[in-house]
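Chain nomenclature is as follows: A, B, C and D, assigned in order of appearance, with residue numbering initiated at 1 for each chain independently.
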Amino acid sequence: MELGIIGLGKMGFNMAERLRLAGHKVVGFDFNKEATAKLTATGSIGVDSLEDLVKNLAAPRAVWLMVPSGDPVDQTIAKLEPLMQKGDTFIDGGNSNYKDTQRRHAEAAAKGFEFVDCGTSGGIWGLREGYSMMVGGDKAPVERLTPIFEALAPAKDEGWGHVGPSGAGHFVKMVHNGIEYGLMEAYAEGFSIMKAKETLNLDLVQISEIWQKGSVVRSWLLDLTADALKKNPSLDGMEAYVPDSGEGRWTVFEAIDLDVSAPVITESLIRRLRSREANNFTDRMISIMRNEFGGHAIKKS
Amino acid sequence: MELGIIGLGKMGFNMAERLRLAGHKVVGFDFNKEATAKLTATGSIGVDSLEDLVKNLAAPRAVWLMVPSGDPVDQTIAKLEPLMQKGDTFIDGGNSNYKDTQRRHAEAAAKGFEFVDCGTSGGIWGLREGYSMMVGGDKAPVERLTPIFEALAPAKDEGWGHVGPSGAGHFVKMVHNGIEYGLMEAYAEGFSIMKAKETLNLDLVQISEIWQKGSVVRSWLLDLTADALKKNPSLDGMEAYVPDSGEGRWTVFEAIDLDVSAPVITESLIRRLRSREANNFTDRMISIMRNEFGGHAIKKS
Amino acid sequence: MELGIIGLGKMGFNMAERLRLAGHKVVGFDFNKEATAKLTATGSIGVDSLEDLVKNLAAPRAVWLMVPSGDPVDQTIAKLEPLMQKGDTFIDGGNSNYKDTQRRHAEAAAKGFEFVDCGTSGGIWGLREGYSMMVGGDKAPVERLTPIFEALAPAKDEGWGHVGPSGAGHFVKMVHNGIEYGLMEAYAEGFSIMKAKETLNLDLVQISEIWQKGSVVRSWLLDLTADALKKNPSLDGMEAYVPDSGEGRWTVFEAIDLDVSAPVITESLIRRLRSREANNFTDRMISIMRNEFGGHAIKKS
Amino acid sequence: MELGIIGLGKMGFNMAERLRLAGHKVVGFDFNKEATAKLTATGSIGVDSLEDLVKNLAAPRAVWLMVPSGDPVDQTIAKLEPLMQKGDTFIDGGNSNYKDTQRRHAEAAAKGFEFVDCGTSGGIWGLREGYSMMVGGDKAPVERLTPIFEALAPAKDEGWGHVGPSGAGHFVKMVHNGIEYGLMEAYAEGFSIMKAKETLNLDLVQISEIWQKGSVVRSWLLDLTADALKKNPSLDGMEAYVPDSGEGRWTVFEAIDLDVSAPVITESLIRRLRSREANNFTDRMISIMRNEFGGHAIKKS
């Protein structure tokens, strides 16, 4: 079938490729003309305007947004709506907040558009291994788009599913990423403890490889970790600085709103916040208190 | 080659079987005569005394202990030493504290025995899939035992390794289990949040299956989780009560001793402690404080 | 001066009393007629309708809301606005979210009303000891209300202040309560550890009294704790169940929004959430995982 | 009565002074001759050898150790024992681990000495305000030393007590310091959140002063915090680096050993560990994982 894709970054471009290889017609737009040219070179149709994108698709159209969450999604939809017609479908494949998704679904429905949300996991490996997709929205558009999901997924019936009404896809993906934060932090702490045990002189690369086979902690993240450690076992040249892209904090907010205690996902987020607090005020406050009551020395900067 | 195994529980019995299937001679002892009879029935040699175990092995002997950590290990060694001779090797395949292991290694060495520690992961699946083994100790006995490790491992050269001097095997296994605590808690929190989001009516079995293919959080633990949820999606009939077997708390102690901040592994442990604190004093203390300063109602038991 | 007070619960009634004792005229309303009658009996004016409240005050009026946060505040304002006139002032003395306060301030300003927010601490002890007040809003109404704040405060110039623009009062009070969560949890954990150390048979009442004098941890909360322990040293007859009234979770949300890592305030909240999760799903998930990989027994309910 | 004091640092010197002012005879030793000379100048007896210290005291002697915990305590006792005689009493007033204390008590008892442990709080303010003391040990020596405790305490019968058998004093002091960690972190986090809310431009000095009067969070630590902020409101010139002196981590170990979940005291400790992990391995591990699966950029150092 035909699919428009808006946003040809790391994720969007590879998804276009995977669809083309599965025999689908892909029309792709990006502000970056290099990306659209590169797409055209693959055999898909790269276009430099949303008008051209819409023109190249037959109604009922399906347009997949792979743009940063927040304002870019709203802005893209606002530009597309006048170009599209009733019955066309938007798919938001990015990491939008599910509450925004539910609002956009309602707004789209009021104008006669379909709106499907698809939480998409797989990162830069998706082209080769397929994408895990959690799909939310109404039944009809999800059924119509099934060939697309089947082509993007690791296998026809595996790694994707229609998980619920509008917002459900992004909700499940949000939690997926919250779990991901916890998994990453658990591995990272464990390797740090082993690194710090200098008297045993442990080889982290060797250990990560042992664990890949037969251990309880084996996982895809561990496979990646083993690969990365092989390239740079001491992690030289890097800063201890970790961004977060939103889903982790949304998961924490949601847990609290639902009265669910989730200390590990929460601490994974807090740890990332801490990694970006150069010379933080909290620790300096504690230093002055210790100095005030106990005369303990303060480390000067 | 020949191996004595002491302790034919879930782990020890299956290891004996995996070794027998690989062509090794296994002599197994357990206080439980049913277990030894069952071992004999498989074609290995089940014996009912340590004397018989030692007699059935040619020097230099290798005796693998698969008994609960702590006193049982010391007691078993104390009983075996008079029966064995210089140059024989003890392998502690259980979850001993690495500090005990280092002490036992020194004590054994003073008497002319070899002492190897082997952190063994794989649980009840090891018979079929092989065991992940982290081996610590001196080079000579580890080399001599290599055929044993190769047979127990998922593949000859995979899933096991000599990771360092005495204690290193148990140290790495300890950290492995600490990581395992964190991974389990991260998944469990995520599924709890989804369960609590009643308005979306999410199907946890479906989601666990989606994530198994192509997602960033795919892992062996997730595979097991999907299997378990399939059998009992609402987890009915179970208590929210989680034991811990020691390695998690040792990992926390070690992190602190090494000045490594490990909030996620630590919170995973604290969560388990909390699961066993029926009507805990801490929360009741907070209730009385709230009542004292704000007149807030106290929930009576 | 004159002040209307809406809401004569634990806090509002005592504040009315403290103002009356300082020579101010108080007109108080509550849906509970017993409360208004009781107020009249003290010498203040208890009224049974908002109309009567407004009528009993001379313009420019000041009406202090001491009602539950959220909808009740909006509803009360909506009923009052038609009765009041330009230049009158609302004071929200409850625990409203500062974002709601900023919205209400803007809405009130558009209609010609003043809107002051006052975070009020002191609980049931305020009548005797005075209230700590963090005031936000525009300069003019705060200056006009200064005699009220001076009368409610522990002393004329102590324990209160104009901390910033609209919302600042409630923001600071929110953080105050977040800190309060952390303090309470720290004490409660410490006493729990001492309680659990059965071999030392410690007397928690004695210890709380020792610490009240000269120790680094002396505080008003500790004074209250000592009083409460004296009445019920073993905290018999209580459930380990702790509600939260909103400010704690708002503090956590705010910390994350501001990229400030605040693990202790956050864990204090998570602990309260956990206290209300009977037979929680998270711990049961961990139990099934342990059973799946290790064959560990599950505690049945 | 007479008391020998060993260790005339910030704590020991002031305690000697408080005792002298109360009419007791104090003989003080320190390796630092300036300190002993200064003591002599106050009217007490400063000595430059342990021999002289013992000679200046009449039997049964009482010698108070105010030296760093760990080896210095054992070494000082080992040097004193040959000089002292049966029935003499050691008082360990420092922050020793209660398990060491129990061992020392047993060793002292075997040689005919008394051994009392005294957890001492109050810091550099103790000379003026008195010390809070938690005393452990046998009844007889504690009774004999009562005049000393009464003189050091804030008031004769306040701020000190015999809390239990040997080790109980240091155990309670350990928990006291664990609580102290939690309190400090709670305040520090709260002030950090307010500092970060730049749009409200809050005055932290003003707020700390407001809270000192009538608020639920008023405490001695808050008083000190207010003083410190007044001197340096932006905490310029300081590093976000916080040492820990042992009692915090012992409290965490003890909580875990007792199966008590204590997330807030634990996170307070973890936070301090984190403050000293420059360019920590954990965060860099997370960065490489993010790069491996998602192609996310790594911040270079």
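Observations
What we mean here is this: contacts are C-beta pairs under 8 Å (C-beta built on N, C-alpha and C of every residue); 3 or more make two chains touch, one makes a residue touch a chain.
Predicted, not measured: the structure shown is a model, and the values here were computed from it.
Shared contact partners of chain A and chain D are B, C. Farthest chain from chain C, judged by C-alpha centroids: B. The two sequence copies chain A and chain C touch through a face in which the numbers common to both exceed half of the numbers used overall. The distance from the centre of chain A to the centre of chain C, with each centre set as the mean of the Cα atoms, comes to 39 Å.
Averaging C-alpha coordinates per chain places the centre of chain A 34 Å away from that of chain B. Contacts with at least two other chains are made by residues 123, 185, 187, 189, 192, 196, 216, 220-221, 259-260, 262-263, 267, 270-271, 274, 277, 280, 282, 293-294 of chain C. Looking at the complex, you find that chain B touches chain A at residues 121-123, 126, 129-134, 153-155, 158-161, 163-165, 167-168, 171-172, 175-183, 185-187, 189-190, 192-194, 196-197, 200-203, 206-207, 209-222, 251, 254-255, 258-260, 262-265, 267-268, 270-271.
By the touch criterion stated above, chain A contacts chain C in their complex at residues 216, 249, 252-253, 256, 259-263, 266-267, 269-271, 273-274, 276-277, 280, 282, 293-294. Remark: chain B residues 10, 123-125, 184-185, 187-189, 191-192, 195-196, 220-221, 224-225, 227-229, 232, 235, 237-243, 263, 267, 271-272, 274-275, 277, 279-296, 298-301 touch chain C in the complex.
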